[in-house]
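Submitted below is the structure of interest, expressed as structure tokens.
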Amino acid sequence: MSEHIYKLIELTGSSPVSSDQAIQNAVIKAAETVKNMHWFQVVETRGCIEEGVVKYWQVTIKVGFRIED
Amino acid sequence: MSEHIYKLIELTGSSPVSSDQAIQNAVIKAAETVKNMHWFQVVETRGCIEEGVVKYWQVTIKVGFRIED
Amino acid sequence: MSEHIYKLIELTGSSPVSSDQAIQNAVIKAAETVKNMHWFQVVETRGCIEEGVVKYWQVTIKVGFRIED
Amino acid sequence: MSEHIYKLIELTGSSPVSSDQAIQNAVIKAAETVKNMHWFQVVETRGCIEEGVVKYWQVTIKVGFRIED
Amino acid sequence: MSEHIYKLIELTGSSPVSSDQAIQNAVIKAAETVKNMHWFQVVETRGCIEEGVVKYWQVTIKVGFRIED
Amino acid sequence: MSEHIYKLIELTGSSPVSSDQAIQNAVIKAAETVKNMHWFQVVETRGCIEEGVVKYWQVTIKVGFRIED
Amino acid sequence: MSEHIYKLIELTGSSPVSSDQAIQNAVIKAAETVKNMHWFQVVETRGCIEEGVVKYWQVTIKVGFRIED
Amino acid sequence: MSEHIYKLIELTGSSPVSSDQAIQNAVIKAAETVKNMHWFQVVETRGCIEEGVVKYWQVTIKVGFRIED
Amino acid sequence: MSEHIYKLIELTGSSPVSSDQAIQNAVIKAAETVKNMHWFQVVETRGCIEEGVVKYWQVTIKVGFRIED
Amino acid sequence: MSEHIYKLIELTGSSPVSSDQAIQNAVIKAAETVKNMHWFQVVETRGCIEEGVVKYWQVTIKVGFRIED
Amino acid sequence: MSEHIYKLIELTGSSPVSSDQAIQNAVIKAAETVKNMHWFQVVETRGCIEEGVVKYWQVTIKVGFRIED
Amino acid sequence: MSEHIYKLIELTGSSPVSSDQAIQNAVIKAAETVKNMHWFQVVETRGCIEEGVVKYWQVTIKVGFRIED
């Protein structure tokens, strides 16, 4: 049945490797407590600079998951 | 007393009937677990197309509810 | 002559029936005092929730009307 | 295989009945020449006013369809 | 370790005193149940008018807090 | 009866004291000619700088008031 | 005294000559009934196309004028 | 009959003369292959600088044209 | 001669590898039928989540290409 | 002569006292090296939370100053 | 070599003649101290009104210039 | 002491390798002349297409650095 309802939560993930990995880290962490996640959408991409180079990528995403019936 | 604090959650409802019904479905589903909901505001209206017609209306809303004292 | 000037006013209509009806109500009310209305555009769609269901649809629109020469 | 590519086109549909029907009309018209449409998202909702009432609902949508391999 | 994940929640605080106090009230209320809050960002500033003066400042903020490992 | 219609007007208030006071000044001035004002929402916050300090806070708001039946 | 209050109104001017002239036309028309106009800001630039060329430039502006004490 | 459907396409025109002419150039070029164009709306205005002066105005517009029945 | 006209089309590419690769895939697919592509700009970054990890990166881009004289 | 050119710079000020003071601090600091500042406009309001209360208000502003002839 | 880095600065130009000339004036003034400017993009178009007509066009632009190696 | 003031500058970096590398390149170049950089935020992601593939990733960022006391 297709009349599902979804909830969206907003998360900021970080990674020293890449902006994609910052997203992946946020999703993997959320999966510890949230089930039925279906999609994410990027809200903002930022990062920390230390000693003149990017040290951490920080990406804020919305994650949508299906509310169980 | 009027110094209430409200929390906003973001939901996506869907309906094969209409975009208004997609909102109503999301609110009714949320009411099973959330009390004191006061208002909603539409964030985005989308939908699924199958065989050349709109099959599902999907509306993302923010719902505000009062945090109990 | 086509060098008409239009004024836009912003209205919020409400309806217990539908979001479209909230717009129609705002237009009909405005027509009591404003002439030569030509178009509207939706600014925001919100609504009131009571006892876990949507009770009122509230739609804010801009209405454009021609300033008479 | 899931590495599909989609194209988005922008359409404005109109209807004297409702804003939902304006969307449905745009989708049905597009289906005459476009295959594999999957979703739409609303860009803007406007309308024509005549003699103090809404005469036409006009909704601009983006429609996404899969580019065939 | 710096690969922390943060969650953002959205709150509306109110105050008869000032817009800053409306934010402070929302944060203090949230602190009753949420730990490790690090920052807020303002989403929208509104208020209630009664008898021709502002009676309540209402500020909607996003609050970011670290998800514990 | 709840099918009220509201009109929104846009005002810029100014104050040498604070941004909140700039809003309050705009509301109090509007109250001289407008009845039934219910809410405001901030559109933009600006200010004048003279001799290296902020001399005036200027806040643009929308004010909503009920159109009398 | 600098604690002036300003009102902003929204107008759409049109001109077959240029987009600047569309703005000038809206301002000149408004000056017939509005005093103390100080500034404008462009909201949107559109136009009509007939027989494959731009026939009318249509520019929507906000105009700010001082409310007299 | 007024239930027309319109398609919007996005174009960037350029001109060494003026921003208005950049729009006119884009419309005239499109008219070689597109019929029934009714309106345009400006998306973005940019330009090229060479040797310290603006050499080309580049304006991105959306053009709406009626899909023939 | 520099008075070129460009058309912009909107595409959504996907990739299990990275968000950059999703863009590259969309561009390569479009190149099968579109010539003279000059630039892209990112509109939105989303993705699919399956079993608690990002499975597909989906990036919507606008691609600009020169209309041949 | 009124054909002045202005430059805008973006600053983030902070204050433990109030959001207005965060702006004032940024302006006063900038005044040490920048002359002829005329206005500011708020870009974003954020803040730091420590031990469940707002500890610092952080406001990002654009400041406009006249380029000397 | 194409891995150039560009800096963007924000300027407001003004002109009693036209909005295009306001941009041109800002670029020409900047060229007195900035080299290697490549492009501009319009951020906002405003203007001053005196005695019921537009007296000055004021356009805020971002100008991009290549940082020399 | 935490009442630091930050300045934000806008940069566009480019790279044939990836969008992340375009950001890193902009930061590293800026570090040659700017000290105390703390964070960046992405403003826009674009790129150049040559012969049907992405040749350069171009990312515009804002970089925040502390103004020394």
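Going in written order, the chains are labelled A, B, C, D, E, F, G, H, I, J, K and L, and every chain counts its residues from 1.
Keep in mind that, in the parts below, a residue touches a chain if its C-beta (ideal position, glycine included) is under 8 Å from a C-beta of that chain, and two chains touch if they have at least 3 such contacts.
No experiment lies behind these values; they were computed from the predicted model shown.
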item: Any chain in contact with subunit B as well as subunit E; value: A
item: Repeat of interface B-E, chosen from H-K, F-G or A-I - more than half of residue-number contact pairs shared; value: F-G
item: Turn needed to bring subunit D onto subunit I - CA fit, degrees, nearest 5; value: 120
item: Identity of the chain that, by mean CA position, is farthest from subunit C; value: L
item: Same-residue or different-residue interface between subunit C and subunit G, half as cut-off; value: different
item: Gap in Å, rounded to a whole number, between the CA centres of subunit K and subunit F; value: 32
item: Geometric centre distance via CA averages, subunit I-subunit G, whole Å; value: 38
item: Subunit D, residues touching no fewer than two other chains; value: 9-10, 19, 30, 48
item: Each pair of chains that touches, named by its two labels; value: A-B, A-E, A-I, A-L, B-C, B-D, B-E, C-D, C-F, C-G, D-H, D-I, E-F, E-J, F-G, F-J, G-H, G-K, H-I, H-K, I-L, J-K, J-L, K-L
item: List of subunit K residues in touch with subunit L within their complex; value: 2-10, 62, 64, 67
item: Subunit C to subunit B touching residues, read off their complex; value: 18-19, 44-49, 52-54, 57
item: For the subunit B and subunit C complex, residues of the former touching the latter; value: 19-20, 23-24, 27-28, 30-31, 37-42, 63
item: Complex contacts: residues of subunit E adjacent to subunit B; value: 9-16, 25-26, 29-30, 48, 55-56, 60
